[in-house]
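These are the structures, in structure tokens.
Next come two complexes built around chain A: one with chain B, the other with chain C.
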Partner chain A sequence: MIPLGEFREQLQALIPVLQLWPKCLSVHASLNGEALIGLAEHPTLAFYTYEFEIGYSQTYQEPRLIFKIWEATTEQGAELQRPCFPADLSRLMNVQDFSIGLDHLHEARKDSWFSVHACDTSHIVGSVKHHYLKRWASVYLSLFDPCFSNTYLFVDDV
Partner chain B sequence: MSDPHLKFVAPCQSFLDTSFFQELARLKLDVLKLDSAIKELTSSIGISHIPRGSPCAHLFLDSHSFGSRERKEGEMLIKGSLYNFNTIEEFKKVDKTRFLRDRADELWKEGIEDPNDCVKFSIISFADLKAFKFFYWVCVPCFQLDSLTASVRGSGPFKSTSKFDEWFAAHPGCWSCLVGESGELMEFNKVNSVRSSTLCMRDTSTVDMVPSALAKSFISLLKHFRSDLKEVRLIFIRSETASSFWVDTDMSSILAPDNTKLKVTGWERNLQNKLTPRAVDLSSLIDPLHVADQSLDLNLKLMKWRIAPEINLDIIKNTSVLLLGSGTLGCYVARVLLAWGVRKITFVDNGTVSFSNPVRQPLFTFNSCGKPKAAAAADSLREIFPLVEAEGVELAVPMIGHPITSESKQNEDYKRLLELIKAHDVVFLLMDSRETRWLPTVMGYAEDKIVINAALGFDSYLVMRHGNYETDQKADRLGCYFCQDVVAPSDSLTDRTLDQMCTVTRPGVALMAASQSVELLVSLLQHPMRNGGRPDEKVILGDLPHQIRGFLSEFKTLQLRVTAYEHCSACSSIIVEEFKSRGWDFVRDALNDYKTVEDLCGLSEVQLKAEEVMNDVLDEWDDDGEDGELL
Partner chain C sequence: MDNVRRRAWAGSLNLRVTVHPDLTLNSSNEPEHIISFRVPREIYLVLYFPYILERVAPELRTNVTDFYNGWWLEMEGVPLSWNFPAGVLFDSLTGLDPALRSSRHRHNSLNVWELTLRHEDQCPTNVIPIVRGRDQVREFWMHQWKQACFILNGASKQVMSLSKPDTMKFWDSILRRDQNSFDTIKEKILPTFDNTRYVPLRVHLALPQIRFLEPQAKVQHNNGHIRLGDVLSSEFPEWFPNDSSTPNLAKAVIQGIEVPLQLSVWYLYQELSSFDGFLHVSLCLMTEDASLTSRS
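Let's look at the complex of A and B:
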């Protein structure tokens, strides 16, 4: 578990890490500064991108990862992006043992996102608060890119 | 030989949040309607958090872009305009080259007044509000005087950025500045240009030693202000200071007098690096039904991915189910079927919701009382999951041993029941009397359907699947609900008291029976031969029992197996074939007198033989004398 104040501090330190991730297209803080919003390309499939948000779950007192998958096609001469709800998430993502539901209603945008359930987070990440969020990211962001943790090879302070 | 001309990278990459389109849709519906007036926008270019994999900074647009906003650290505010068209044809017909040139001409004029105003963006768009699709194309016009050529004389990394960082921090609205003769930094304008030949710009590019195309606009303005300028040092300041650099350029080309003809670039390339518009389809996000559909599917698929990869979910989803009886069992069975993803469920009942029903029958509420049960159950199921194809049919199932009172009505009910059974893959018998189950059992065999039967006692229940029908009755064929009877079902309701007519059960019994009956069906569907699966076989989910009997008093269940009885009043071949050949005529005879069925299937003879054997036994007892002791 990680208190909200600690989470906010460590969130800013996560930005440079995400910037070093080769698949990351963009990352910025939300307007209220309590979440990071990013876009990442699929590691192998050119027509898919992930839109993700790293926020905080008050219920679990853990980081909360929600995401959307976007698929690109062509329609009427334009490159069309549409949210993708694949019949088999494991075909697109490194699902592993994560429990994922299409059950998060975004508070601000009022649309539906996939969410990675936060139970067992402490068990996975460990209890040490120092660099908690970086350790969390090294596990949870591998959902999008199995090689995400290689990013840490270029991070000085881990 | 390296190309001496200065190369450029696109100034930024746009990211439009879904909230931008939602706000556009709202504006279009509530404010703009058919008005094509230009809408002013405010956005930001993030210059500090540029990921390694991105060649340039990002232009972010969301719902707040339609109003004013404050600058945050690490970003530059940028103004823009939205040109929304009312039809896709208008959008497509826009002369993109002319549009870009017109915007560049506007920025040129604004830049002459204040060079920092020459950085703006424009968006052309079309919002298809029926399909929730939005077509758009972003441009950030970057212009260069047509007669200007800027060739590179030298370049290198620029390390001493602190002075410039401080100046830009103090002038957050400035994209550029000039370095005076004494090294002082000053705003870039026409007046200050006479004292400087070093132009410094914030650079939105991340490519090594290649600036963003915004530099073209600033260089052109400087040359316009100082047509005599032959050499210029350009300094490009980046947030990652290590990549800031300088370039010395030769600007000795002579401009034609009053030459303001511009070369323009600026339409954004798509992710495939092609010059085409972009579009976004938000129908699945805005349509909650679609989201609910996907969500239910995903829930089931998680089970498949994590626990049982071989489970066939599609066959469950595509199975149509007929529920005969919309009471306690019917309601619970429907809920579990829904949870398994079944999408077509039909309720049949001839009753109305009474005041005692809602507490035990979970599809009904107090407000349902008085309504036809089947329809109310279907309505309720649709409220839970709108995409389910739920229908309620008010129909009285003709009952064996209950003489016909209105032949035309009961014939209609018979035909309707047969149609329903034909139209569904699975039939659940969930009624509250034995005789009601007889006709659907016969029909189920005749139409070769999967039939699941559930019946309740006070603290016990029976759940079973009827065996497959075969005309040549094999010895090990699984039996039906009536296979253990030596009498045909008959009227069990007339001249009975209320407690004798109603099934009184412990409230938890129905729930257990209903859930097990659905799980039995789901397991059956996993077998390649469906109901042909034998009780000694296993499927991915486990056993395939024939019968499950539950005893709540002992909290235990038993799996049982009953072979088909050759004289069964419902599933014996003689009965099923008689039904197939005579149809309503046979059924009418059975309704009027259950004995016709007993005669046909041989039960009468069995009963006669049983009576004879009993008489023989009694005669033997009599021969032993009156004082014979019964052990």
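Let's look at the complex of A and C:
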């Protein structure tokens, strides 16, 4: 578990880490500073883009990862981005043992997102508070890119 | 106590579902395609989609290839999010004061909830797409229970360590309306009063926009029980002022019942919590008539 105040502090330190991730297209803090919102390209499939949000779960007192998958299509010569809700995520993502559900309605945008269930986060990340969010990210963001944790080779002191 | 729970479990809604004209074969001067039926308050409406679609399929323009994906119900043009218990949607979206429901429908002895069946390739954004049929609904419901369990116990292990047969029996008890089986498994999840961290509570509002809040509701403070009124006046002081000389501007409705605010959240959770592990409170703004009713 990570208290909300600690989470907020560590969230800012995560931005430069994500900027070093080669697949990251953009990342910024939300207006209220309580979440990071990012876009990342799929490691191998050019038509897919991930939109992700790292926020805080008041229920679990853990980081909360929600994401959407956008699929680029062309209609009458115009490129469109459409949300994509595949029934089997394992064909598109490195789902490993994560428990993921298409079950989240975004509080502000009122649209549907996948959520990575946070109920066993403390077992995965451990109890040490130092660099908690970076450790969390090294595990959970590998969902989008199996090589994500390589980013950390260069950012020990970020 | 048992009697209240049994009545809540048996609570039902009368639905009248009209198929949107865009979906039907006949022209607009034909009679509307309507089906009427009753559903438990304690169920997800989406589980009735196969029942509805099997009955209306011959009248539809296109073949039904999926009973879930792309379908939704709406009320007065507002798409319903299926992911709340049917009774909670009714209480929060109709905003009807229980004390006034019978008089408002005096020409008809039944309260009937009028809904419209819609379909598009993609659901409205506020409706979670169902891409894996009923399994997705069951997994969504289990996820609600994991959250509720965590809020109650500080861990989800009571739910996560349920055996597969118990998990399926738990789900089947809802589909088969078997309250005894449901309660037997629920007992394995619920802590005692003294061990309860917080009560899983969701407060639903339809105005000024449809949303819900999850206040952290402890069960006791200084050895006294926390009352629902304490939680609501803390979260919504403009509607539930602490000052006893100022009237409340809203009522709390749970399972279609206007509940006294002096009841403890623990008692209400025991009696009126929903099949997803949460105590859902819908706030109903008081009209002038309702204020008179509640004062008399």
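Here is the rule we go by: the second predicted complex is superposed on the first by the 156 of 158 C-alpha atoms of A that agree within 3 Å, B and C clash if a C-alpha of one lies under 4 Å from a C-alpha of the other, contacts with A are read in each partner's own complex, and residues count from 1 in each chain.
Here, contacts are C-beta pairs under 8 Å (C-beta built on N, C-alpha and C of every residue); 3 or more make two chains touch, one makes a residue touch a chain.
Remember, it's a predicted structure, so these values are computed and weren't measured experimentally.
Novice: With chain A superposed, do chain B and chain C clash or fit?
Specialist: Superposition check on chain A flags a clash between chain B and chain C.
Novice: Which one hits more chain A residues, chain B or chain C?
Specialist: Between chain B and chain C, the winner on chain A residue contacts is B.
Novice: Based on the superposed arrangement, let me know which partner A:87 touches: chain B (first), chain C (second), both, or neither?
Specialist: In the superposition, A:87 contacts both chain B and chain C.
Novice: Is A:13 contacted by the first partner chain B, the second partner chain C, both or neither?
Specialist: It touches nothing on chain B or chain C.
Novice: For A:45, using the defined touch cut-off, is the partner it touches chain B, chain C, both, or neither? Pick first, second, both or neither.
Specialist: neither
Novice: Which partner does A:117 reach: the first (chain B), the second (chain C), both, or neither?
Specialist: second
Novice: So in the superposed three-chain picture, is A:60 touching just chain B, just chain C, both, or none of them (first/second/both/neither)?
Specialist: A:60 sits against chain C, while chain B stays out of touch.
Novice: Looking at the overlay, what does A:102 touch: chain B (first), chain C (second), both, or neither?
Specialist: A:102 sits against chain B and chain C alike.
Novice: Of the partners chain B and chain C, which touch A:76 in the superposed model: first, second, both, neither?
Specialist: The first partner, chain B, only.
Novice: Touching chain B in one complex and chain C in the other: list those residues of chain A.
Specialist: Dual-contact residues (chain A): 82-83, 85, 87, 101-103, 109-112.
Novice: Could you pull out which chain A residues touch chain B in their complex?
Specialist: On the chain A side, the touching residues are 15, 18-28, 31, 39, 41, 46, 49, 72, 75-83, 85, 87-90, 95, 97, 99-103, 108-112.
Novice: How about chain B: which of its residues touch chain A in the complex?
Specialist: Counting only chain B, the residues touching chain A are 13, 15, 17-19, 22, 46, 49-54, 58, 60, 64, 88, 92, 133, 135, 270-272, 274, 276-286, 291, 294-295, 297-299, 301-302, 305-306.
Novice: Over in the complex, which chain A residues touch chain C? Could you list them?
Specialist: Spelled out, the residues of chain A in touch with chain C are 58-60, 82-83, 85-87, 101-105, 107, 109-112, 117, 119-120.
Novice: Please name which positions on chain C make contact with chain A in the complex.
Specialist: By the definition above, chain C touches chain A via 81, 83, 122, 125-129, 131-132, 136, 139-140, 143, 146-147, 150-151, 156, 160, 211, 214, 216.
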